[in-house]
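Next come two complexes, and both contain chain A; in the first it sits with chain B, in the second with chain C.
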Partner chain A sequence: MDNEEVEFIAENELITIIPNFQYKTFYLIGGDIGPFEPSVPTQVPLWLAVHFRQRQKCRIECPSWISVEKLEEIMNNEKSSELFTQMPNAHYMEITNVLLNCAPQDIPRADEVKTLIKDIWDLRIAKLRSSMNEFIKSESLHAKVNNLTLLEINTVRNLLTKTLKELHNLKQHVPVTDE
Partner chain B sequence: MQSDCYKNGYFNIQDIMASQERISCKFEIEIPNMGFLDSSSHDSNLKVGSKLDLPYWLIKAIYNEKFKFVNIDLPKWYKKFYHDILEADACVVDLRKMGPYYYDFGVLLLNLVETDIGLNIAKTLLSCFRSRFRRIMDLSAQTDHRDLYRAISKLDYTETEMYKAGQLDANGFIRWQRREFCKLLPSIIVTANKNKRKRTDSNGD
Partner chain C sequence: MDNEYSNVISSIRSINTDESSSLSSNTNEEEYNHHTNGTEAYSTHTNGHDNFDEDEDDEEEITPAELIEKLQQSWLNEKFSPELLEHKTAVVECIIEQIKHMENNIRSAKKGDFRIAIHKLELDRIKFLLYSYLRIRIKKIEQFASSILEEDNRRPSNIRSKLSAEEYAYASEYLKNVRAHLTASVLEHLPSNLQDLNEAVTMPRPDLDKFVFLRTMDNIKGILIDDMTNDGRNEIIDMDKGDLYIMRYNPIKSYVNSGEVQLI
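Up next is the complex of A and B:
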């Protein structure tokens, strides 16, 4: 799975926009979207919001969790917890990345948000790596990890699967000790 | 029993190369008409006590519990002395030097040696793999492999494959973050031709 595919999945998340045009409801396979009235907030998928934003047809209303205060709180939770904490959105990294790219003007204090998201990401990846190392070093056969997002899993997918395969090959020759 | 040898499939080149590794053997019985194998003797028969380095696949095919035609001398990298070194600190050891297929060949060797020696080798391989994983993971997270040349050259083949997988992940993420997939790049043929055209243009001027 590519990161592009993960982003494609994330683009299905709904987001609120404030359109500046009038249009009737779209009927799409994934659900109905609209109707659009000027300055009436409407929920649309992220991909459509990006499309409208690039054509200056709307303003994107930032999701409530993309704010410096909220993200700082999340980061502190992440720092103090040994386990992975739940993220406000399962696609937090993808959504902020897309939004920061297409509509940085619509995000208050975009620079700080960008840094905070990156910090949270780095914290979580470091945690993921050290827990992977713990897992490989231990004798355990399985590990349960909650609250990881798809993109985070995707950053270790090839390495971890390859390593576990090789580890399995080597393990087959050592009888399991009863402990 | 055969399936042990082909963990990645019959035609896997890594397995084939690993089974090409040579093992030093001392012949226990005289073998008629095979003297040409030993280039140091002019006899037509292969004498008892002559020492030859035979590839693993050859020994594996003939050697078994009932027919011990040779006395196998374990490659020194798999002996107790090196087990101790690996136990002390596996991360600094140059596994490439100890045979580019250290793990794969080690696993193959288990089919030939006695159970208790084999168990020791298997345990050493496993603990070595486990302690070196962190280092490979850290190496693969760094993207510019030119700086890492020395470190990478100490990885054995299996580890290099893991390193490559890790690089794939790391580079994929960086590419995504830079949004490189959005950019349309000209085909290589076009860029190659462009350079050529430039040269002729400047000559014309």
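Up next is the complex of A and C:
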């Protein structure tokens, strides 16, 4: 799977926008959107929010977890926990990236947010690498990977699934030693 | 085949007739207002629908939004499962109907209408899902044509084929051409005792021992994970709803079809 496809999935997430135009409800196949009143917040899928924002038709109201305080807290939790902590959104990385690219002005202290998200990501990926190592050494048949996000899974998918498969093949050809 | 889907198709029609009042009104503001009535009518109508998917026994009503969700799930399952899964004929047909319908509305809309770009954007997203889903299937069909067709011919008549009618035709034709090509380019020039292609041995088969990531959509008890090695180390696990796992495809393959497991 390409990372672009993960982002494609993330673009279905709902985001609050503050439109600067007036319009009646849209009847999309995926559901009704709107109505739009100037300065009245309303929820739209991320892909539509980006479309409006690029045309200066709205401001994006940042999700509450995209704030320096909240992200610092998440970062500290992640540091102190041995397991993966639950992220505020299953697509935290993709959403932040999309918003930072299309509407950095709408995010308070965008630079710090960018650094924090990157730090959280690096921390989790480092954790993921070391737990992959342990998993492979333990020769388990399965592993629970709760709280990993799709993008994180996608980052290690090829390496991990292929490694496990090769080990599985090798093990199948080990002769029985007891007899 | 026709009988099997007649029910589905009639239900598609009804979904669309309900919707048409709202969607076709794209052209004209006055009509657009009708939609409010239209939506109410729509929700009541949907409740009255016959089941959308014949082969799932439980009755199911579905909104277009849920349809897209289902397509996305089928897309991901197909993407990650090593073997060809059952073709989601009902979902695909309903989605195509929805796309056609929306395209008609866009065509009849006034030029420069603010909404056109947005509807087109949504259509592009849905089409991407649909095309990608079908392409992944075609790729698998080409790769495993002989084993898929062999399995299809062996299946009891009460089990539905994994292939759609078009896919079946494509697979048969493809296999025929590959065989003809192999025969003409190589086998014919070999000594007669080496001319047998011996497909039972040479045919490519999907690797069911591939590792996959999955999310459980339900509580599933007692999954036997067989080590498949000589030391016979087996494990039985229970999975809770919403858990994520990595494991071999084989032990959970029946749950993918039933929807209890979603590949991710």
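As a convention for this text, the second predicted complex is superposed on the first by the 174 of 179 C-alpha atoms of A that agree within 3 Å, B and C clash if a C-alpha of one lies under 4 Å from a C-alpha of the other, contacts with A are read in each partner's own complex, and residues count from 1 in each chain.
Heads up, the rule we're going with is that a contact is a pair of C-beta atoms (placed from the backbone, for glycine too) under 8 Å apart; a residue touches a chain by one contact, two chains touch by 3 or more.
Treat the numbers as computed from the prediction; the structure is a model and nothing was measured.
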**Request:** Following the overlay on chain A, give me a clash-or-fit verdict for chain B and chain C.
**Result:** fit
**Message:** For A:Lys171 in the superposed arrangement: first (chain B), second (chain C), both or neither?
**Reply:** both
**First (chain B), second (chain C), both or neither touched by A:His51** = second
**Prompt:** Touch check for A:Thr155: first (chain B), second (chain C), both, or neither?
**Reply:** first
**Message:** Between chain B and chain C, which one contacts more residues of chain A in the superposed model?
**Reply:** C
**Prompt:** First (chain B), second (chain C), both or neither: which does A:Lys24 touch?
**Reply:** second
**Message:** To the nearest 10 degrees, give me the chain B-chain A-chain C angle using C-alpha centres.
**Reply:** 70
**Message:** Under the stated touch criterion, which partner chain does A:Leu141 make contact with: chain B (first), chain C (second), both, or neither?
**Reply:** second
**Request:** Would you check which partner chain A:Lys79 touches, where first means chain B only, second means chain C only, and both and neither mean what they say?
**Result:** neither
**Prompt:** For the overlay built on chain A, what is the smallest gap between any CA atom of chain B and any CA atom of chain C, in Å?
**Reply:** 6
**Message:** So chain A touches chain B in one structure and chain C in the other; where do those two contact lists coincide?
**Reply:** 157, 161, 171, 174-175
**Prompt:** Taking the complex as given, what residues does chain C use to touch chain A?
**Reply:** 22-23, 32, 35, 39, 63-65, 68, 72, 79-80, 98, 102, 114-115, 117-119, 121-123, 125-126, 128, 207, 209-213, 225, 227-231, 233, 235, 237, 242-248, 264
**Complete:** chain A contacts chain C in the complex at 1, 8-9, 11, 23-32, 47-48, 51, 141-148, 150, 153, 157, 160-161, 164-165, 168, 171-172, 174-176
**Request:** Over in the complex, which chain B residues touch chain A? Could you list them?
**Result:** 7, 103, 107, 110, 118-119, 122-123, 125-126, 129-131, 133-134, 137, 140-141, 158, 161-162, 165-166, 168-170, 172-173, 175-177, 179, 181
**Request:** In the complex, go through chain A and note every residue touching chain B.
**Result:** 2-4, 7, 97, 101, 129, 132-133, 136-137, 154-159, 161-163, 166-167, 169-171, 173-175
